[in-house]
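In structure tokens below, several structures.
Note that subunit A is present in both complexes that follow, paired respectively with subunit B and with subunit C.
After this line comes the complex of A and B, so read on.
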């Protein structure tokens, strides 16, 4: 079985310990569980001063919405952000990992990170795992060479585009972009177009929903507009709410008081020997 | 046969005013046969941090032991308890490490962070964190729990009202799920005390 008796904290990377057991279970007819996906509509476009990224905020587990307001625009560097679609754990883990690698690289070189650096790190990792790390990303940022926008597919291929969409709602969003995009958009026009594209995903694609998140990145800095638009508010809640009279039958109650905070009073009398 | 439906479970955590509640059912089964009616799904990591594991019970026990080990190491090194947010990151990393051969568990983490601010979080079996401001659910009864909590939840409930709400949501949801039930176990944690209560429910 395992070589070491003591379980030391792992050195990093994936561990394949349980694969044999899981394969045995699969042979016995046990189907593997479904993972949380971010059904998603994620978009990006380049406007005259930089890049605008947009995403919806719904996370699904099969047909159930498990998170109505999740964050799909991940931080990579102060000037680079990345939207993620696909398996939620994969997008989060891969963007966190590359973000740390970029930070180390910044310390090493003493320079601002470039978008192509993030791009290469991401595509190398994803290709390494041959598409099993199911993360489809829209990476955008502004560095010394200008604004950049890229899409990265789970198998590791990348595209460099002036406007891009990914996720289950990508067709709905791309339809909006293809008809209304033009070069040299202003900031407000860009935000309006991105919002329209995400809304088209939210309303037409079942895997996307809830609110619109926007991130505007320019040479000067970035602006993260969390829940920029909330086109699906909850208007049907009853103002009274539910109130339950104390009817729950309790068999046993155990109360454990927590340690009180100890107050140290300065300037007491000196202790006698 | 679904692996998550082998043992059956129901877990819910809710946020109140400077307090939180975490509740689970008590059944342990082997597919349709019940083998225990007092199974502990929720464990204490430290006084202000509780976590429950739904899914395959054997993986839940292994994962619990690994996490207690890691927390003890942390306590020795840092000379303090882990914050709930840090603990959630730790669980997420441990689960993601096994991305291609995962533990068949879904954790629910609930704790009081800095300034007694309640923190709740759940993850899928590979560590995709879901931080929520109101409630989180896990287990075979999760679909019913989503519905019950969505309608019964109110902002800023006091501990007693929170207890009633969580209990009603849990009991009504497990009534609609064959694989969980046989009572309930509710912990309501405030900055000054931890109230653990065992509920009487339908024993079927």
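After this line comes the complex of A and C, so read on.
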């Protein structure tokens, strides 16, 4: 009995067998567990002094909003920030990982990190996983060579643009940018335009909502404006607050302060077996 | 929710890419549209990437695959140049691309056109389509828009053109393909490589010649309400 395909020993590198199994199961009707996605509208634009990044703050788990105020603008380096759309775990993990790699690289070279370094590290990682790491990123920063803005797609391709949008709300935000963007915007004009674009995503896309986060990066430094705009405040809160019904019996009242007391023993004995 | 599925599709460059030799060098040309499903993800992308000072490559197919392949080849060519002690030849660059494309033919989806000038062979164009064959040609076309250009080149191509004739031919060809292919659009970028060096040119989409049934660009009547009209992006 001769087989037409010879069994080869595994070559190394990532094995995509389980991914194929998942696709086969999905076809048979077995639905995968729902995971948290950041539906998202994320944007970035270059203005006269640097880069402005913006993001909404809604995280969804299927049809449910699981976090009304999550942070989608991740720290990469003191001069580089990255907005993430797609699976929340993937964007967090990949940006944390590359942020650590950049820090080690800074120690090694003794210089400020460059945006293209972060770009290459991210795109290599995402390409190696062939799109299964579902992270779509908008990377922006200012380094010695000037301001840079890049988009990175889950399959590992990158684009360099003066203004960019990603996520489910990207079409709504891009419509705002395409009609109002011009070169040489001032800081206030840039923030206003980014806020408009994110609001367009928040109000017109079901996967985006809640508040607007902004991050302004210039040569001098960065400004992280968390919840710069809150166009969806919680209305109709009862002024009376909550009180237990009068007949409830109070059995025990115990208040535990949450401060830990740590004792430092100077010159303790060495550990002995 | 159909829109969501389309936005997660891998980026492919619908594309029209062209490489043409003339007496003294080569002219490479490409459109600038990168699409994800039906959405144009980047309307001003640069598909002509530098490998060395004298060799450039036009990329088509999957954006991620073509970017990574050209990054690896740029790295190998840099090492090769250091070891050799002189600029790499176009043939070496094309062969490196072919080695990667052929050995990974099951995983990659990218068609490339390598063009450049070296002192031994002059201007050369090499086409490396999907399976990883390497073919040296006087002119090469690739991408989805190239289907509309085979007949055009059969008629319009001649040996021994001058630099300006060759560049005009490339611009005309890309512009014709953009007119008929939905997956190509944006601007026309060209790169001219000869013994003197490299020149990059840019032809905005609205300045191209109009073909059959194409209309003059009309300003929206809304511009009368909000004067002045928006300024075009400078790239």
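Keep in mind that, in the parts below, the second predicted complex is superposed on the first by the 215 of 273 C-alpha atoms of A that agree within 3 Å, B and C clash if a C-alpha of one lies under 4 Å from a C-alpha of the other, contacts with A are read in each partner's own complex, and residues count from 1 in each chain.
Throughout what follows, a contact is a pair of C-beta atoms (placed from the backbone, for glycine too) under 8 Å apart; a residue touches a chain by one contact, two chains touch by 3 or more.
It should be emphasised that the depicted structure is a prediction, and the values quoted were computed from it without experimental measurement.
After overlaying the two complexes on the shared chain, residue contacts for A:162 are found with subunit C alone; subunit B is out of touch. When the two complexes are overlaid, the chain among subunit B and subunit C that reaches more residues of subunit A is B. Applying the stated contact rule after C-alpha superposition, one finds that A:107 touches neither subunit B nor subunit C.
In the superposition on chain A, A:259 makes contact with subunit B only, while subunit C stays out of contact range. The contact surfaces that subunit B and subunit C form on subunit A in the two complexes do not overlap at any residue. On subunit B, the positions that touch subunit A within their shared complex are 1-4, 6, 47-48, 66, 69-70, 73, 92, 95-104, 123-130, 132, 142-143, 146, 151-152, 154, 160-161, 163-165, 167-168, 171, 183, 191-200.
Within the complex formed with subunit B, the residues of subunit A that make contact are 7, 9-10, 13-22, 25, 29-33, 35-36, 59, 61, 64, 66-67, 70, 87-90, 92-93, 132-133, 241-244, 246, 248-260.
By the touch criterion stated above, subunit C contacts subunit A in their complex at residues 3-4, 7-8, 10-11, 34, 36, 39, 41-42, 44-45, 62-64, 67-68, 71, 230-231, 233-234. The touching residues of subunit A, counted against subunit C in their complex, run 120, 123-124, 126-127, 131, 134, 151, 153-159, 161-162, 168, 170-171, 179-183, 207.
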